[in-house]
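Down below are the structures I want you to see.
In what follows, chain A forms one complex with chain B and a second complex with chain C.
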Partner chain A sequence: MTDKNEIISKLNTYITTELLKRPDKTIGADEALISGGLIDSFSLVDLALFVEQSWGARIDDTELNAQTFDTLGQLAELIAARAS
Partner chain B sequence: MTLQQIFVFAALGLLAGRAYGRISRPWLLFAASALAVFWLQPAALVRGFDFWLPAASLGLAALVWALTLPAGASLTREDKLAAAALAVGGLLLAATRYLPTVLLTASRPPQVELVAALAAALALLAWLAGRFGRGRAAVLGAATLAVLAILVALKAEPLARGLNAGLRSLSGQDPSLATAFDLNWLGFSYIAFRLVHALRDRAAGRLAHYGLRDFVTYIVFFPALAAGPIERVERFVPQLHERFLLGAAELQAAGQRLVTGLFMKFVLADVLAYFALNPALGAQTTSTLWMWVLLVAYAWRIFFDFAGYTHIAIGLGLLFGIRLPENFARPYSQPNLTAFWNSWHITLAQWFRAYFFNPLTRYLRTHKWPVWAVVLVGQVSTMALIGLWHGVTLNFLIWGLWHGVGLFVHSQFAAARKGAPAPARWQHVLSVLGTFIYVALGWVWFVLPQQAQALHVLRVLFGLG
Partner chain C sequence: MSTLVSTLTARAAEAPQRPALTFVERGGEHTISRGEFLQAAQAYSGRLAAAGLGAGDLVILVLQHSLDLVYAFWGAALLGAVPSIFPFLTEKLDPDLYRQRVKTLVEHSGAKVVITYPEFYDSLSQLLAELDCTVLSTADAAAGIAVPPAPQLDPDAVALLQHSSGSTGLQKGVALSHRAVLRQVEAYGKSIALDPETDVIVSWLPLYHDMGLIAGFVLPVLTGTHLVLMSPFEWVRQPASLLEAIGRHRGTLCWLPNFAYKLMARSVRPGAEFDLSSWRAVINCSEPVYDESHQVFVEKLAPFGFSPNALAVSYAMAENTFAVTQTAVGQPPRGDVVEIAALQERGEAIPAAEGKRVVSCGAPIESVELAIFDTERNPLPERKVGEIGLRSEFMLSGYYKRPDLSAEAITADGWYLTGDMGYLANGELYISGRKKDLLIVGGKNIYPQDLEDIANRTVGVHPGRAVAFGVLDERLGSEKVIILCELQDGADPAAAEQELRAKVVQETEVTVGDLRFVPRGWILKTSSGKHARTDNREKYLREFGV
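Right, the complex of A and B next:
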């Protein structure tokens, strides 16, 4: 059983420390990650690799766009649905 | 699309909008798109090819459909009807060669017997593809390469000239007169990307089951045939089956997009074309100020032309109940090159990200390449390919590299600035201006095929001429 809030918290820590290099920042569950320009295309691939390593949930290369997920909430739902 | 063609499509949308209680929208869009492929195709200088090229667009769509069917799927009644409609439609169109004037094609269609023979061969090939090649990784990979090979053959000048000489010989014309531009295969650059999208998604096991009718409509949907946008099949096909009524709100939305698009393309872009940079004006101009005027005019002309076209495509789509994706989002108001490429030809950039940049980046990252090297290789190679997609020539390659290097430099700058406070207003304005100038200088390489001429223009722009 993977808790959605737990996923969001872990994603938040990874994105702020590793991708944005701003560990003091907190990302809202509804904040636009991709369309808002917070995460660039290169970091998006790193994020997909992190998700795969942490939860075993594969996000395809064609899914790394704002239509598939644009917020931590949507990404956490995707992970919860696919987590192994 | 010409003005006349746009008005005919808009009129069809208005008429059909009153009849959806009696006629089926998916079948109407299938029939209209399949016929429009022939109607929109400009005259080809190789005999019969203004018939064969559109026919090949439909044939390729049918073949790729057969290859990408799910393992257990069998032909439905609708699939058989759509296949029969394509075959009978093709034969009837070929039979218009006996009429006193051509009806839908740019010139007289080829012999009916030849069309019948090739339609039968295509049907056999599609059956074989569905029976033995369906979903097999090697076959899907080979089909992807074949589609890309056609694209390269059409876009690389020496290959295109050779291909045209061969086709001229076959049709009994003088091969020595062949040029690279004999075959103007309408929309193939975009058709190829939709086909590759379906083939790769099928290989990844992500493609849903679509009927032949809906898949063909997706590949050659007439508003987006000539210049995009590149929609994704899983967003397009469900829209065909939504309940749609052309009411006042839909008419207003479509009308606004059409009027905006027509004004941008046929007024703004066409007026700017008089003093936008081109090889002749570039060679004649020696004043720095005038050269900047020509360059800025070109930057806006290409934007209004393309963004206007996209507005028209989206507006026509809305008239038929299809919401095509946006392709532009104020690209010249962006503060950096990364933001520019998120708002210029958005669906093309997304396609390259999904099928080239992301897989490459994933591969390099899992092979432990250093971050800067992954970003450099990923961005420069992606932009080089985007450049070459416009034509396999040195000037388009340089244009792509110009943007690839610019994107790499910006990403390094942004990485170094991570955590820094947001820029002040004046810094933002300077960034927007700087980005516009960088993009505009890139257009010099894009618009001038000769590098010596591009260098001359750049020298004049910087007062060194």
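Right, the complex of A and C next:
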């Protein structure tokens, strides 16, 4: 369950379907989510909750910024390291 | 006649030990008494006076949400100077562009002093070098500066300035007099039955916006109501932290934009514990109000002691200092169920058994006179939709140093035309839409022209072939930005999308909700060549709407 590609795929589906409402889109693993203007601050909270519910990986609110959270690749690594 | 200076001084003198402010920061909070608060503000007065600031001079506060911001604001006010809070740089904005905006504002407004942080001091000093403006750092020595004597002020002198965002907003500094601010605080306080002895106001709202500045800052300070002040940047990452603060401090009053309701409801974690039974009014303000957001909020928070009777709504704007209307506190806002077609097509609010439920914004507060005007500026009867006009004792003195814009905004007989559309029923105001071209995204005002301008500057976008508008984002209960563009032949859509999205966030801080490249000729234009935003919005909803 902690395969990186699998995590990225699941994150991609969640973001495009639930947050962007554009299931036709695919987000690249290196695409900038926050600084690239793809998802807003309000969605970050939802994304963090989704990560916690799906993988049991708790993300602290201080980590909800472009340094730790800006690409699906970064996020997947963080999840893989913390998944329970 | 009182001024901000005499009122603030009197509050400290009458009960110096009472808590004025609890400042909540990550990992802790501390409470400041009224006496300490005045002293800290006076210390800033001394520093600002030493930098050459005097009565009537404008000072721009380029500071993060912090105690420095709080004290610099009141320190300037105590000098009879005019403070204006500029939104601080965030990680999203382009820093060069941001500094350029500070410069533009200083140039246009003739600000005498800019106060900022040490890390920003050098670059701002350089940028403003050729202007007649002193840049002051919060780190500059404060010790030993004598507190200047309180000035004798004209109550009609400008007390503070509120700016809205965007290229249009920057030129429109809403100037408010001492009289206007104090009268609004008095009238609005009555409408919510404010009791400074027992009420506790809890706010995370930014201080550069009218709701945060007046309701969440100036009103509690001037009335001596205990204020629990949180950071907007910390709140957005942990929306339920407001609920915890309410429980901890037995908070009674709160103002929130509509988007915050569902966001907070969603962010309550399983096993969370707080007691919201002290909350007597949570006032929805500054964005269109959606019934559904209230329902979701009540459903989620009732188990924590939240009463649906605490739901309230206010219609407010900087040009009226703050509140225009307020629903009765202690009962839920009224809803008006009307025929959808009659409302949308003929501008008539006809009561119906089933239809659209419009939430009331309440009745005008003391001294406010409301009228609904048709396009010819004739007053309309109840239940007819038109532009909302208002007159009151706390309207703006004018747009700062822009008599041309002031004359446009206020009619010869004293009406301020709001640009919002609505109707009156049984003396209460119902908002149905907007005449002005403006989007309100997560509480932030954005002009579609600014977004279209960014699109037109993006590589690959056919210049003049972009349109921006807002549609309801149901997940958030706010508007989301839609941008549609036509591309030039051979343009790379992926590159254009990346560039456009990044530029929008760097220049406006707002994220594009949906960006679509449409075929040539898709975007509708009016005969004048101006985009028909409404028509394109309807076409978008028909073709792509969920």
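Going forward, the second predicted complex is superposed on the first by the 83 of 84 C-alpha atoms of A that agree within 3 Å, B and C clash if a C-alpha of one lies under 4 Å from a C-alpha of the other, contacts with A are read in each partner's own complex, and residues count from 1 in each chain.
Everything below uses one rule, namely that a residue touches a chain if its C-beta (ideal position, glycine included) is under 8 Å from a C-beta of that chain, and two chains touch if they have at least 3 such contacts.
Predicted model, so just to flag it, every value in this text is computed and none were measured.
Visitor: May I ask you to decide whether A:Ile39 touches chain B, chain C, both, or neither, giving the answer as first, second, both or neither?
Guide: After superposing on A, A:Ile39 lies in contact with chain C but is clear of chain B.
Visitor: Mind telling me which of the two, chain B or chain C, contacts the most residues of chain A?
Guide: Result: the larger residue contact count on chain A belongs to C.
Visitor: Return first, second, both or neither, reflecting whether A:Leu49 touches chain B, chain C, both chains, or no partner chain.
Guide: A:Leu49 sits against chain B and chain C alike.
Visitor: Identify the overlap between the chain B-contacting and the chain C-contacting residues of chain A.
Guide: 20-22, 37, 40-42, 44-46, 49, 61-62, 64-65.
Visitor: Spell out the part of chain A that touches chain B in their complex, as residue ranges.
Guide: Listed in rising order, the residues are 20-22, 37, 40-42, 44-46, 48-49, 60-62, 64-65, 67.
Visitor: Which residues of chain B touch chain A in the complex?
Guide: Touch residues, chain B against chain A: 197, 200-201, 204, 206, 232, 235, 338-339, 342, 350, 353-355, 357-359, 361-362, 365-366, 371, 374-375, 378-379, 411, 414, 418-419.
Visitor: In the complex, go through chain A and note every residue touching chain C.
Guide: 18-22, 31-32, 34-42, 44-46, 49, 61-62, 64-66
Visitor: List the residues on chain C that touch chain A in their complex, please.
Guide: Residue list for chain C touching chain A: 26, 91-92, 234, 236-239, 259, 263, 266-267, 442, 475-476, 498, 501-506, 510-514, 546.
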